[in-house]
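Inspection log for the structure reproduced underneath, given as structure tokens.
Note that the chains take the letters A, B, C, D, E and F in the order they are written out, and that residue 1 is the start of every chain.
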Amino acid sequence: MPLINIQMIKGRTLEQKRKLIETVTKAVCDSVNVSPEKVRIVITDLELENYSISGKLAIDKDN
Amino acid sequence: MPLINIQMIKGRTLEQKRKLIETVTKAVCDSVNVSPEKVRIVITDLELENYSISGKLAIDKDN
Amino acid sequence: MPLINIQMIKGRTLEQKRKLIETVTKAVCDSVNVSPEKVRIVITDLELENYSISGKLAIDKDN
Amino acid sequence: MPLINIQMIKGRTLEQKRKLIETVTKAVCDSVNVSPEKVRIVITDLELENYSISGKLAIDKDN
Amino acid sequence: MPLINIQMIKGRTLEQKRKLIETVTKAVCDSVNVSPEKVRIVITDLELENYSISGKLAIDKDN
Amino acid sequence: MPLINIQMIKGRTLEQKRKLIETVTKAVCDSVNVSPEKVRIVITDLELENYSISGKLAIDKDN
């Protein structure tokens, strides 16, 4: 603990994911006083057709 | 806010997803008094082998 | 299935929750062709100190 | 109800998933006194690049 | 990993939760071949007004 | 998007939550190239009786 779930649009590179994990883990450790091995993060890559804002699918926003 | 996650069996068409997003967003706005741009929806398409009821995988129910 | 999780700021009345559940269930049934008893919805009431946009807690936005 | 989400690294066989669903459903029924048809389980198969412990992606742990 | 979320109606005793955790952890270990310290479980206790089936809140089913 | 859920044991101060939100939002923005207003974070405060590792409730670890 803490357990963290990050949902974001598909397409980030492995390098971006490495930086994301590293910096989010550090931010959590520094603010709520836990050690890194306690922090687990799950990333969910979302398809554009599986995310919406204001009743419109992200896939339709790009067309 | 509100943030909505919808988990359902894989296989719906893009058109069905469009209608789902539109009508769920409207239902939320009308009932809890928020504007559409506040409403975010994430859809998760589930494989039949990743969902179970009564201890049986959905994939085994169809066989 | 579908299973739906709705996270929203605490404070809605029971009456609003009734309307939310009724209309979201109908929207789901009408768009992805399932019967009502298949649809399960979980509501999470969020404290203002447990939700943030743009790096600011909702509780700090109201002050 | 209960609704159960299991996130685990991708790669388990169908047979392992069958046993997982069966035994977890039984464990839930026996401990919180519900009948099997009330128990729904969703499995999420995670890619190694989408899970981290201690700020390191699982994919990097294997290299 | 695996990470497990169990959502259930509020009201189970501590003893029931102990048995639930123990038996579900064992079931997971035995079926997907992991050791117990890898298994983390989160329980969410749901109010009757925050869960619905067939468009009806659980709180209204009991009245 | 991204949408982030952080589950952690109950008891952090408002000040710790402010720092957590601020630094996690910055970490996300810097690594996956989004602007702050796109980042939403939900915190779930867990009771000790609702979290387990290795089949033991956190509440029993402290006794």
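One rule holds for everything that comes next: contacts are C-beta pairs under 8 Å (C-beta built on N, C-alpha and C of every residue); 3 or more make two chains touch, one makes a residue touch a chain.
Please read all numbers here as calculations on a predicted model, not as lab measurements.
Asks: Between B-C and B-D, name the chain pair that shares the greater number of C-beta pairs in contact.
Replies: Spelling it out, more C-beta pairs touch across B-C than across the other pair.
Asks: Could you please state the distance in Å, as a whole number, between where the Cα atoms of chain D are centred and where those of chain F are centred?
Replies: 21
Asks: Compute the distance, rounded to whole Å, between the mean C-alpha positions of chain A and chain E.
Replies: Distance between chain centres, rounded to whole Å: 25 Å.
Asks: What whole-Å value do you get for the distance between chain A and chain F if each is reduced to the mean of its CA atoms?
Replies: For chain A versus chain F, the centre distance works out to 13 Å.
Asks: Going by the contact rule already set, what residues in chain E reach two or more other chains?
Replies: Residues 1, 3, 7, 26, 40, 42, 44, 46, 51.
Asks: Give the pairs of chains that touch; include all such pairs.
Replies: Result for touching pairs of chains: A-B, A-D, A-E, A-F, B-C, B-D, B-F, C-D, C-E, C-F, D-E, E-F.
Asks: What does chain B use to touch chain C in their complex?
Replies: 1-9, 12, 16, 19-20, 23-24, 26-28, 30-33, 46, 51, 58
Asks: How about chain A: which of its residues touch chain B in the complex?
Replies: 7, 44, 46, 49-57, 59-60
Asks: Considering only the defined contacts, which chain C positions touch chain D in the complex?
Replies: On the chain C side, the touching residues are 1, 3, 40, 42.
Asks: Would you tell me which residues of chain A are touching chain D in their complex?
Replies: Per the stated touch rule, the residues are 14, 17-18, 21-22, 25-26, 36-37, 39-45.
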